[in-house]
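The two complexes that follow have chain A in common; it is paired with chain B in the first and with chain C in the second.
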Partner chain A sequence: MASDLNYKKTTKPKYSKLGFFMAIIPLTGFAIFGLLPLLLSVVVSFFKPVGYRFPGMSFVGWDNYARVLRDPLFLKSIGNTLYAMLSIPVTLVLSLLIATILSNPKIKGKAIFRTIFFIPHVSSIVAVSLMWKWILDGEYGIVNHLLSFLGVKGPDWLGDSRTFMPAMIVMGVWGSLGFYVILFSAALTNVDPQLYEAAEIDGAGPFTKFVKITMPAISPVTFYLLVMSVIWGLQDFARFQIMAPGGGPDNAGLTMVYYLYNAGFTNIITYGMGIAAAVSWILTFVIAGVTALNFWGSRKWVAKS
Partner chain B sequence: MTADKKQFKSKTYYKWKERIKLIASYAFLIAVALFILIPFYVIFITSFKTRVEAISIPFTWLPREGWHLDGYANVLLTDASGGGAGPSTILRGFRNTMIITIPATLSGLLTSALSAYAFAKLRFRGKKVSFALLLATMMIPGIIMLVPSYMIYDALGLVDTFFPLIVPGMFGAAAAVFFLRQYFQGIPDELIEAARIDGMSEFGIFFKIMMPLSKPALLAQGILGFIGGYNDYFGPLLYLHNPKRYTLQIALAYFEGTYVFDWPTVMAGAVITLVPTIVIFLAAQKYFVEGITMTGIK
Partner chain C sequence: MRSGKKIAIIAVLILSILFLYACGDDDSIAKGKTQINFWGWGDQSEVAVFRQLVDYYNATNTDNIYVNYTQKPASGYETSMEQILSGSRGPDIFYVGDGSLKKWVELDLLYDITDLVAESEIIDLGEIWPTAVQRYRYDKTTRTSTPSSPLYALPKDIGPTVIYYNADAFRDVGVTIVSKDPDDPTVTENEMRGYNIEEKIFNNRIPMTWEEAEALAKLLTKSYNPASPTDYGYYTEWWFNYVWSIGGDVIAYDDGKWRFSLGDDRADGNLPSTREAFEYFVSLSTKLNISPKPNTISTVGKTNYFTSGKVAMMVDGRWSTVTIRKDAQFDWDVAPLPKHKDGVPAGHSGSMGFAIWKHSRRAREAFKFMEFMAGPAGQAEQAKTGFNIPNQISLAQSDVFLQPDQKPKNAQVFVDAAYYQTPGDWAYLPDSAWISVWAPTLNGAVLNGQMSVDEFFATFTDQTNEMLKRYAQ
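Entry: the complex of A and B
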């Protein structure tokens, strides 16, 4: 064994310059296409550019931030974004239930179910948004057709500010369920079966086993899903831009990134790139804050691996 | 007390309890599967209906007036950008998507793999620092770079070209490096050392030993990258303005405005857009799922 180690030391090049250059290709890419924009983004957020041009920007100090934070429409977009994120707890609970059922060795066709649940995850968000727009159509949509069997006259889901977001939440669950099921399933197979056997000997029922053994054992995966879906959820945009043109009924579909997109691209005359940059920084602080809060809270419930 | 009671229950009781549990499980799984699949079924069936049948009440589960291909004909033959002759909007969009996605995916995969190989198997100065920096870049939300990036590309005259959509991706992605590094670490050092003694160069080792041994991992990352690029909406939405340069996703998004109330055509466009990624997923799901779980569970 010791000779083996020596052998390694002599044949491995001590320090490889080539290795360094190979390793930093992605970092170089980031330095060129990420770092410069990142630094300029701070600058732009304190200026008022003319259109998309850097030359001739006028310094406005904190004005961009003040204007955004006083804009009721922006505050509304924060509310809308958080509202849409109600799909996260629903998806977490539902997918854990599905993964638990799929972990039962007596269930057949597991792979088929998992495959079906995962299809929305690989599907084009544009196609999926058009699909949901069609099935939620107030007059011809299948959702209201199915509701009519129950004697319910379904609303114009996407045309009414009260029903718009609940429909988007259901669509959100539909879209992300499969991804969660895959991760929970993998986590469940990694739970040590001896722990369950020991608990059974102690007379623990299925519920106790789930709460005392399963939940702590899979908590790192639950935490990963929670952190990532909050980060994604705060940046939700494409489906809202397609399904709520112009912001949707009473701006019920205006999310934070949608507001940013309008400020910088569709409505640049009234807002401008300075405002858009300020929004991106506010959004980044919200993401960082919520993620930090998530990590802080995780000390209480996530098992250390 | 309850334990005592249980002992008196017969074998058939447990048998039936187990059976009911199984039936309930299947019923629940099938209900969820229908919830996932019915929307897909509805667009599929709508794409074969006539315009009139698509908006007739009540909804028909099969095309009552026969299977019509008018929607697909519109999608595949009509240039909605007003050109008349030339490829249809969707086919041109598909071509543009391939021009963007294939080089970005292949080059990104190669550079990510080179970087991952260096981090997994080579020694060099600044390894820890550069790896930490690489991981740190994953934490930065892309949205902050958006505004100045657009202004820079505008100043360089690169807005409304494919450049912003292809070139940055060619340098590789931190997540892919992270995933491939894990995989490369599992390949025994002895193989590499033996090759080194035989006088093989580092690139030779990379291409002739590491790459062939890592096919599943490379495939997983390649597929993830391709599907991500194929489905990308925000990037092309910002940077491509001339309808001739629209990608498939942008072309589809504008479809709705072109074919107002023509649901069969819009849905045929959606079906055509969905089929490639779903087929790739079904064919390679083993690698795909592996790629997802390995990045999620470290």
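Entry: the complex of A and C
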């Protein structure tokens, strides 16, 4: 006992110092490359910088925020972002369905299926986007080629504002399905089988068991996926930049982050870094607000562990 | 023993690295010289020519200058360069597009070369296309570009737009192609038009009128002529030559501010109004249906649409010549852009220039190199790539550029166009925010026939004018 105490006394300070030194490297990195830019962006959002330079920038108060909120293109970008986020409920329902089917012990080759579904998630977004650009091409795309067998002349999916976003939603569902399936599959394996047995004894059918047992049991995972996909959805940008250069037909591909990018880089003279910083903080508050709303709503449907 | 092995492995690795380093750039020629950094981009053949040019310059220049050439990716070039040039480690000399120049001057990234050019014994601005030089002049205090505005770059090239046409398709529908200037002693009365509708004679040396181009395009459009080998007769994505031909423009500078003028309906003499000219351009794909809609032509691109034989005439720039030479499996050539019967020849051209970094400590040395690249010696080599027209007028008139052994046979059309073609609207103002208000809808819903021209102007005129106010601030 005494030797144990001695050990703790002699080793604890050593570990603390080591831990401190180990932590100080990433903390310094975060302070310089994370916290400092974060604070600077707050400051810049109230100023009008000259290009990318801070010296000589003029204070404009809340003007940047007011200009963004009055800009029809920003309002359009919000609409586009929300439209694109329709992929979230579709993905959630579809992935839960696939995970439930894969959880059936009679299904063989589950690992292969899961791998296939997961491949898009680990693929480069640039490669995936270029592949979809080709698939959806109006003239040479495989989608329209298949439709032509049915006698249907497919549209130019990415060149027409009416079909652009539905095409992007399909791409979004395909891209995130694998990740959702893996998490739902893990959640489903953790549901206590005794609950199903007890329900069967009470005469519950498959649908009742799914709604009354499975859904509540996996609700923490469903909640995690919902929160994260809403955040990712509000930040959607890279694939739109590739699939809709310049914003796409009728600016149908102009998402909020794409608008931010244009403000900060493409149109830096008329918008500028000040407005880009203001957009980023508006986006931050939107994400924080929606996430808080999600947490507030979760009290009614997410099971407590 | 083990530690001995480790030491041996590390020693071998270090030696290998040193060996590779030693095998790298042969810097012996650079020793004792002023080194400057030159950044550019381009496809492999263009880059190869530039490397040769740089090597040649490094070996022969008597100014004690050594140039390090770096090829940058074309994708994202503008944005990445803006950030690099805003920092402290930019290249001394680099490419600047005509659409980026004003923005980069506003961002204080470019060196004013007006005096250096005036003092130069190699650069003679009188020998360079005035339409090319003018786009590199800009006065940021007034936000205007006049012949006396400061000069910030020298053109590397100029790429005019013309009609690329499928000569086989023309012949298939019974059109006779001739190539005779109006002052050609052999030219007949019937050949004195761009396209003689009655006699079906196409003269690729004379611009067609809108009516002639329309009649020829109908002959080559399946919905008008089922015997046509091509689906559509004509394709252009640009309104410039229509509106400019009658003296109109997309914006006008009135009372010290910019105004969106594409919808102006005031006609002048025999000429249609700007709005009517614009409406005619829109009608090509929406009413006349002689041109594919943007959502028909696919994301693969118009050049592919042309080379695959789906459209008989396509408006495009010189930069597409290399691709068309490679891909088109039919006889083809080029012709001037159509113009209004009472209007002037008009159209847009692209250009890339050489500029010097504002904060370069070797600006004079960089200019020496610029003199070589933008001067007669460097331009003669660059012209061989065939991408664009050299900046030197006399060189463009020679076989170095015209390349009579290669298509297009009527390459003189590019040279003729370079005299009058000016940059597109993306080079009008320091950035494209004002264009992004209306252009995506024009290129989408309007040209696809989902929005009328009236709705278009009702929706975007005020919005664009609101955006244009910001350029006056």
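One rule holds for everything that comes next: the second predicted complex is superposed on the first by the 287 of 305 C-alpha atoms of A that agree within 3 Å, B and C clash if a C-alpha of one lies under 4 Å from a C-alpha of the other, contacts with A are read in each partner's own complex, and residues count from 1 in each chain.
Operating definition for what follows: contacts are C-beta pairs under 8 Å (C-beta built on N, C-alpha and C of every residue); 3 or more make two chains touch, one makes a residue touch a chain.
This structure is a prediction, so every number in the text was calculated from the model and none was measured.
In the superposition on chain A, contact of A:246 is made with chain C only, not with chain B.
Using the contact criterion defined above for the overlaid structures, shared-chain residue A:202 touches neither chain B nor chain C, since it reaches no partner.
When both complexes are overlaid on chain A, the residue A:49 reaches chain B alone and has no touch with chain C. Put chain B and chain C next to each other and count what each touches on chain A; the higher total goes to B.
By the touch criterion defined above, A:277 reaches chain B but does not reach chain C. Of the two partner chains placed around the shared chain by superposition, chain B and chain C are both touched by A:140. In the superposition on chain A, contact is made by A:156 with chain C only, not with chain B. Look at A:265: by the touch rule set out above, it reaches both chain B and chain C. Contact with chain B, but none with chain C, is seen for A:41 once the two complexes are overlaid on the shared chain. Residues common to the contacts of chain A with chain B and with chain C across the two structures: 52-53, 133, 139-140, 265. Only residues 7-8, 11-20, 22-30, 32-34, 36-38, 40-41, 43-44, 49, 52-54, 94, 97-98, 101-102, 104, 106-107, 113-120, 122-128, 130-135, 139-140, 142, 145, 148, 174, 177-179, 182-183, 186-187, 190, 203, 220-221, 224-225, 231, 235, 237-238, 241-242, 257, 260, 264-265, 273, 276-277, 280-281, 283-284, 287 of chain A touch chain B when the two sit together in their complex. Note for the complex: chain B touches chain A at residues 3, 18, 22, 25-26, 28-29, 32-33, 35-40, 42-43, 46, 54-59, 111-112, 114-115, 117-119, 122-127, 130-131, 133-134, 137, 140-141, 143-152, 154-155, 159, 167-168, 170-174, 177, 189, 193, 196-197, 202, 227, 230-231, 233-234, 237-238, 248-250, 252-253, 255-256, 263, 266-267, 269-271, 273-274, 277-278, 280-282, 285, 288-289, 292-293, 296-297. Per the touch definition, chain C reaches chain A in the complex via residues 79, 82-83, 86, 103, 106-109, 294-300, 305, 429-434, 436-437, 439-441, 443-445, 448, 450, 463, 467, 470-471.
Listed in rising order, the residues of chain A touching chain C in the complex are 50-53, 72-73, 133, 136-141, 155-156, 158-162, 246-252, 262, 265-271.
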